[in-house]
Amino acid sequence: MNREAIIQGMKERVFAANLALPEAGLVKLTWGNASEINRELGVIVIKPSGVPYKTMKAADMVVTDLAGNLLAEGLNSSSDLPTHVVLYQHFEKVNAVIHTHSKHAVMWAQAGRDIPAYGTTHADTFYGAVPCTRQLTVAEVERAYEMETGKVIVETFNDRQLDPLAIPAVIVRGHGPFTWGETLAKAVDNSIVLDEVAEMAYMNEIIQPHCETIPQYLLDKHYFRKHGPGAYYGQK
Amino acid sequence: MNREAIIQGMKERVFAANLALPEAGLVKLTWGNASEINRELGVIVIKPSGVPYKTMKAADMVVTDLAGNLLAEGLNSSSDLPTHVVLYQHFEKVNAVIHTHSKHAVMWAQAGRDIPAYGTTHADTFYGAVPCTRQLTVAEVERAYEMETGKVIVETFNDRQLDPLAIPAVIVRGHGPFTWGETLAKAVDNSIVLDEVAEMAYMNEIIQPHCETIPQYLLDKHYFRKHGPGAYYGQK
Amino acid sequence: MNREAIIQGMKERVFAANLALPEAGLVKLTWGNASEINRELGVIVIKPSGVPYKTMKAADMVVTDLAGNLLAEGLNSSSDLPTHVVLYQHFEKVNAVIHTHSKHAVMWAQAGRDIPAYGTTHADTFYGAVPCTRQLTVAEVERAYEMETGKVIVETFNDRQLDPLAIPAVIVRGHGPFTWGETLAKAVDNSIVLDEVAEMAYMNEIIQPHCETIPQYLLDKHYFRKHGPGAYYGQK
Amino acid sequence: MNREAIIQGMKERVFAANLALPEAGLVKLTWGNASEINRELGVIVIKPSGVPYKTMKAADMVVTDLAGNLLAEGLNSSSDLPTHVVLYQHFEKVNAVIHTHSKHAVMWAQAGRDIPAYGTTHADTFYGAVPCTRQLTVAEVERAYEMETGKVIVETFNDRQLDPLAIPAVIVRGHGPFTWGETLAKAVDNSIVLDEVAEMAYMNEIIQPHCETIPQYLLDKHYFRKHGPGAYYGQK
C-alpha cells in the first residue's frame, strides 16, 4: 500500500475513534482527542483542535511527523498533540493515544488518587491500579504545558516501574485520563473500561470505606486469561 | 420438532438475549454471556467468546453437550461456559443462565456484601437478600477458575439453604452477577431487576446508614403475589 | 359524545400515558400503571396487569366501574387497581392516578422518609414535602393489601391535613410512589418531577448533611406563580 | 440585512437553543429558557412560557424591547424574562442568557454553595468558582421576584468583583443556574459545562472530603489557552 493510502486509512480510523468517544458518553462538546502513529512511515494522525463533532470529516484529521510538525497546510492539530508525541516517543509499542474528560476518570484525577483495582472488571484490562501522576509544577506548566504533561506520565510509569501495555491508562492530576493501546480500537475500549471501573470504584469507596482490593492471584487470573501467551479469552 | 429446529430456536433466543443485555445498559464491550439448556436434547447453547455485538449473528452461537464439550467446529464458547455447566448440573429447574458486569451489581460484588431486600421492587423478584459468595481460594482459582466459580455459587445456595428459583441471582465476590431462570426471558428480566435493586440499595445505604430491610410479611406478600400457586399478578 | 367514544378516548390516553412512563425512564419491565376516571360515566380505565409494553395496545386497557369491577371480559386489570379506586373515592378532584417504581422515589420510600422541599424545582409542583406513609401492618397486608395501600395514603393526607392537589404525590413506605392530577397529562408530569426532585434531594443530603429546606415565602412564590388564581406561568 | 430578517434569525437561533437544552439532558418538561439580545436593534427574543417542546415552533418565540415589553401580540414570554433583562442591562458584553434546572447545578444551588474549581474541565470554561448568590429576602421575592433574581446575580458579581465573561454562569440560591455568553451557542455550551463540572465536583466532595481546588497557575494555564489574546486552542 502506498503512503497516501496508508495515511488515508489512518485518517478514517482516527476520525471514527473520535466519533466513538462521544457516542460512548466519554466526550462532551470537543473535549477529547485520539491519534494514531505509523513509525515506519514517520507520521502521526490526530484530531484537529476544537472542531465540532457534527461537522468534522475524516479529511479534517491533521497529519504530522513524529515530532509533531505539521506535514501540510490545514487545520490546527489538537492542542494536546505534544502530550501524544511524548507518549509515542517513550512507549514504543503504543500505536494509539486517546485523551478524554470522561467524568468518573476526571473525578479521580481531581481527587489526585490512583484508581484501585477493586474487581475483575478492572483486572480484565488493567494489571493493577491506574496511576495518578503528581501535580505539574509552576515551571512545567509555564514552560511547555502539553509536553510536560506527557513527561509526567512517562515519569510516573518509570518511577513505579509500570508497563504501559499492562496498564494502558493514566490519570493526570487535576486534569483527566489518557489511554492508549497497540491499536486504536483497543485504546477506545480502554477509555470505555477506564471510566466504567472509575465509576465502580467511586461507588465502592462510598459504600465500603475500607474496601479491599482484588487479591493478587485473582488479578493475575483475570488479566492473564485475556493477555499474554496463556490467554484463552476470545477467538484465535 | 426435530433436533435441528430446536437448536436453531435456541440459537435465536440466546442471540437475542445477548443483544438485550447491552440494550438494557447491563453490558459494555463483550462483557456478558447468556446460555440456554435443553436437558432432553442434551445441549447447551451459549454466546461465543469475545465477539463484538455489532457483528455477532445467531449462527455464531456455540452448541455444546451437557458437560460443555463443543458439538461442532466453530467459534470458541464463552470462557465462562464451565460456570454455566455447573449451575445447570446443580440447579435442575434452571434452563437459562446469564452473566454480566452490570455496574451496580458488580459494585456489591466488589464490596463483598449481600444485596439487602430494602423494598418491594426487590421482593417482587427475589425472595430475600441476593447472596454474595465467599472469595475463591488461590487453589480454586489456579485449578479450574470458571468451574470453581460455579461450585462456589452452588455452595452458597446449599450452605444458606436457598432455593435458586426463589432467589434467581448471585453475586460472585470480587467479580460480578450471575442470574438465571426457568426461561431465558425470565433470566434477562432478572438481570435487569438485579442491577436496579442493586442501585436502589446503594443509594439507601448512603442516605440511611441503618436502613431497615423490608418486613417479612411484606416480602411474603409481594413475592407470592407474583410467584407460586396464589399468584394473581399478570395474565393467565 | 357517546359513552363508547368517551371510553375509547380514555383508553387511548391511558395507553399513551403508560408508554410515556418507560420513555421518561420511570418504569422498567412492567412496573407501572396509569389510570383515568370519568365519574359522570362511572368508569375507570387502567392498564392490564403484567403485559409487556412492546406488545400492549390501546384496546388492551381495562374498563371497570367506580368500585373496580370489570365491565367486560378481557385482560386482568393492574393488580394495583384497588389502590387507584380508593384514591379516586377520597380525592374527589383527582381524575388520574399513576404508580411507578422510579428509582429515586423508591429509594426514599425504602428509607421511610418524606422528600424535603429543598428548592424551587420542588416548589413549582409540590407545595411542601412529599409525604411518606407509615408502614402497613401485618393485618392490613394480609387482609386486602392493595386497598389498604390506598387507605394508608388517604390516612396520611388526612392526618397531616394535606391537599392532594397541592401535593399530588406520595411515597408508600417500603414500596414506591403514587402520583395523580386533575388530568392524566398532569399526573405524568408529576411522576417525572417527583423522581427528579427525589434525585436532587438525595444528592443534597449527601453533600450537605444539614441542608436547609426552601424558605416558606419562596415556596409560596414558586408554587403560586404556577397554581391558583394568581398564577402567571404559561399561556392562558 | 433588514430588521425583520435579523429578528427571524434570532427566533431561529433561540428556538434551536431551547431545543438543544433538553437534548443535552439539561431540561425536563418546560423548565428552561434561552434568549438573545440585539442591542442595536433594541430587541430581545425569548422562549414563550410553558409551551411543550414537542409542539413549539420558531415562530412562537417572543419579541420584546430592551425593557422586556412585548413588541407584538402573541404568546406570553417566559416568566423569567425580567431576570434576562436585568442581566442584559448590567452585563454589557453578554448577548445571550439561558436558565435551566439542570440537576447537578440545581443541587449546588439548593446547598447554597459555590461550585469549586476542582480541575481543568472547570478551568477551561470558568475562571474560578461558579458563585452562588445569597438568598433573596421576603421583600425581594414579594416585590418583583424575577427582576430581583437578576439584581442579586448582578450584586454577586459586583460584590465579588467577578467578570461575567470570565465566569459566564451563576447559581441562584435555592433555585438553579443561569448561564450566558457573547453568543447563544456559547451560552448553550456553558450550560452543558456547568452541569458537568457540578456533577464532577459533587462526586469529588463525596470521595475526598477535603479535596483541593486546582492551583492558580494551572487554572490560569487552562483558562488562557482557550480565552484571550494568548489563546491557542481551536481554529483561527
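Per-chain residue numbering starts at 1, and chain names A, B, C and D are given in the order in which the chains are listed.
Going forward, contacts are C-beta pairs under 8 Å (C-beta built on N, C-alpha and C of every residue); 3 or more make two chains touch, one makes a residue touch a chain.
All values derive from a computational prediction rather than experimental measurement.
Between the two copies, subunit B and subunit C, the C-alpha superposition involves a rotation of 90 degrees in steps of 5. Among the other chains, C has the CA centre that is most remote from the centre of subunit A. Residues touching across the subunit C-subunit D interface largely differ between the two copies, under half of the numbers being common to both.
Chain centres here are Cα averages; for subunit C and subunit D they lie 33 Å apart.
One finds 46 Å separating the Cα centroids of subunit B and subunit D.
Of all residues in subunit D, those that touch two or more other chains are 206. Contacting chain pairs (ordered by label): A-B, A-D, B-C, C-D.
Contacts from subunit D toward subunit A in the complex involve residues 118-121, 124, 189, 192-193, 196, 199-201, 203-204, 206-208, 211-212, 214-215, 217-218, 221, 225, 232-236. Interface residues of subunit C facing subunit B in the complex, by the touch rule stated above, are 28-31, 48-51, 75-76, 79, 101, 103-104, 106-107, 109-113, 135-136, 138, 141-142, 145, 174-176, 202, 205-206.
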